[in-house]
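Labels A, B and C are assigned to the chains in the order they are written; within every chain, residues are numbered from 1.
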Amino acid sequence: MNTKSMVTILGVTYGFIGILPLFIGDSSILMRILTMILIWSVVASCWDLIMGYAGIFSFGQVAFYVIGAYSSAILSVSLGVSPILSIFLAGIITAAIGVIIGLPCLKLAGPYIALVTFAFQLALEPFLKGPLGKAIGSGGSRGIISVPPIHFFGMNFSSSELVPFFYFAFVLTLICSAVIVVILKSHWGTAFLALKDSEDFAASLGVSAFKYKLLVFGITSFITGLFGAIYVHYVGILSTRMLSMEVFTVLLIMIVVGGIGQYPGVVLGAVFTVTANELLRPMGIYRLLIMGGLVVVVVLLLPDGVTGLIKKISDLRLRKKERHPVEMRGSGEMKESGETQGSTL
Amino acid sequence: MFIEIIEVIISGLLNGSVYALMAIGLALVYGVTKAFNFAYGSFYTMGGYFAWTLLVSLGVKGGYYTVFLTAIPFLFVVGFFLEKVLISPLRKRSDWQMKAMMLTLGLSLFLDIGYIATFGPRLKSLPDIVEGTIDIGPFAFMNQDIVIFILSITGLLCFAWVLNNTRVGMAVQAVAQNPIGAQIVGIPKDRVFAATFAISTIMVGIGGILLSQKNFVNPQASTGIMIKAWVITAFGGMGSIKGSLYAALIIGMLEAFVGYYLGMIHIEVAVLTLLLITLAFRPQGLMGRE
Amino acid sequence: MMLNIENLNAYYGQAHVLKDVSISVNKGEVVVMLGPNGHGKSTLLKSICGMVNSKRGRISYKDQDIIKLPSEKIVNMGITYIAENRELFPYMSVVENLKLGAYSKNARKHEKKNMEKVFSLFPRLAERKKQYASTMSGGEAKMLAIARGLMSNADFLAIDEPALGLQPNLRVEVARIIKEINKQGKTILVVEQNIPQITDLADKLYVLEEGHITFEGSKDDALDNDNLKEIFLGM
């Protein structure tokens, strides 16, 4: 996607979300949903950057989010650090852990990365609940209650002040989205695309896969940790429930619906998923059943998510306009399995 | 002291043998289809619920005999069609592996929640396959443990026999070693993919029937089992069947010793540490090729 | 006519590799297809054998349209592809590779007989029955690939660059074997970048350049053709 349409879609989506509080600012339910859309859209965008662009099968995104949340909560509750400072420290801590995990991981083959990062998430829960976690102030299985709100310029940003918090998160969202766009459109973004096509080809261009991957892993971990941190100061309580498969799957759906590697599709995916998740909440357990089924159906029917669908529709229109018989088989949609593609023609 | 150690070893061997059954199924699927099945653990639970439905809910005649005789075709059909309907269409795309991971992750949530919706959130207990204990020297063995051990070893031997002595088994190996070569000699690759998926579903489902007797049928067990099978496969070398066998026994032992001497909560961390150390020195796992 | 191809077009991703290719091969013939590397020769053979998914046109074999058939059906009808890069099963022995060569239903019945034939044709392989394919030298692996192809009991062999990368003495050996197989009644379509010993066997020659057939005719026609002189200077 070119920069112009990328920025346009982002601008329209976030612009629309940004003015909504003027109309719905009184409804705490709607404001909460809107705020969560912002937070998840950034976390999911980071994941898309890692998986869809850098091609790292990382399944540790939720873990990084939770590490950010715990870091900031522990810093502010146990050490009395001001939340406005602790959220950035949390970002740095998460980035550092991201790099530490990334160092051994990024040299592994795809499935191993998925395994190690996913196992990392699974090991985080017993760690936080266990004696080691308690020693650093995780609060064990009770978690941390009464995390102080973010406070600066004499204002509180928390769940009791929904509109101010929304705009606080909004500003951070815009900044982080800008960072993501810059990364995608910079030399790095080009390098990722080259890496995606062929690691050998990229290596021949002098692109060091490892260096770029580690950098992007660090940056996305920072942003993810930051948003985990603002989330914890927003809700005020924290427990290891954040590490459940449910959170993981909901985040996954955003990418699946938006289209993996189709930024900013994932932002649209976040809007859809958070809203659908809330709308389905009265259905109790069937909500998750539907969400799980949704992943299956969307991956099968819309492999590139809504972005792919939009592209297909606009392609069709273009073709009609041109009245030009386009060779369908030549497009990327054709039936072809990687294995039958011999290297010699 | 000596008797304790022997008992810990035996319990490690018992778990290890069932783990081997499950991990080898996963290693097989990965080796042949190159797809990572995140819903693998959910078929473990499926095996447990299948047995519970027959034995407790319906109270069928023949007990576990009926369970095994019906579970094998049932799990085969489930696995075969899931591969045909869900995984196979993805294969046309170049990024299908990531898509397959995502899809099976969604499927896993769907199945696990589906179990809770159907059977309720409570754990279900399965009757023991046999009752009583037997004394051998200073050791007292539960007959159930012995039967579970024998059944999982039998399962492994059957699997090895099928793989090495039947046409289907040779075809499976051929696809794993060289999919293009397999196509050249006229092996129907798509059918082999589906059959492999189905065989692995049987293996993990049977694992579920065997272990759920001791650990209850638990709708939330899936993720843990999936990770365990996966860790074992990665530890042994993705796609290496022999590697998975050794890895399963080592991890079974490790769990038994750590659980006995340090406490159950340290098991996960210990297993993960072992995996990370192994991968740091041998990224391809114990017996992986290349 | 054994194999007849009309207006075949084939694609790899965005690339249009074969453009309206039409060829025909008669029973008992050796047809040699020449052309530079990367101009679609392998794609043509793979298309015949059902290993290229996006293609259109007509491919008929023994008067049956086979363009839509999956590779396993085509193998069973008696067409075998012998790959340039061999595509053996690396962690299987020579015998196991050969047995898998006879995987299709029609080949299974003749497995024993074909195994004997193959070992008499390739005495070197008979000495190495238990050896893993991955441990064989390039020349031996090539022989094994051809032998595995013969195990399929096919009437029609599509052979992809059989002499590529081989020592001159082995090229002669490969040419001898192709001649021998042909004498035993197999129809052969072989793709080459002009190995004289093999071109010499041709009953008919085609030249494939940039996806088009640019020449069709006998060896003598080819020698008369000025445009082909360049290609044949190496002869």
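What we mean here is this: a residue touches a chain if its C-beta (ideal position, glycine included) is under 8 Å from a C-beta of that chain, and two chains touch if they have at least 3 such contacts.
Just so it is clear, the model here is predicted, and its values are computed rather than measured.
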Distance-to-centre winner among chains (Cα means, whole assembly as reference): B
Per Cα centroids, the chain farthest from chain C: A
Whole-Å gap between the CA centroids of chain B and chain C: 43
Intercentroid distance (Cα basis), chain C paired with chain A, Å: 51
Centre-to-centre distance between chain B and chain A (centres being mean Cα positions), rounded to whole Å: 32
Of all residues in chain A, the ones touching two or more other chains: 335-337, 340, 342
Multi-partner residues of chain C (each touching 2 or more other chains): 51
Junction residues of chain B, two or more chains touched: 180, 183
Touching residues on chain A, where the partner in the complex is chain B: 51, 57, 104, 107-112, 114-116, 118-120, 122-123, 126-127, 130, 245-246, 248-249, 252-253, 255-256, 260-261, 285-286, 288-289, 291-296, 299-300, 303, 335-340, 342
Partner chain A, residues of chain B touching it in the complex: 30, 36, 86, 89-99, 101-103, 105-114, 116-117, 179-180, 183, 223-224, 227, 230-231, 234, 238, 265, 268-269, 272, 275-276, 279-280, 283
Complex interface listing, chain B residues touching chain C: 167, 170-171, 173-174, 177-178, 180-189
Contacting residues of chain C [partner chain B, same complex]: 49, 51, 70-72, 74-76, 80-83, 87-92, 96, 99-101, 103-104, 107, 148-149, 152
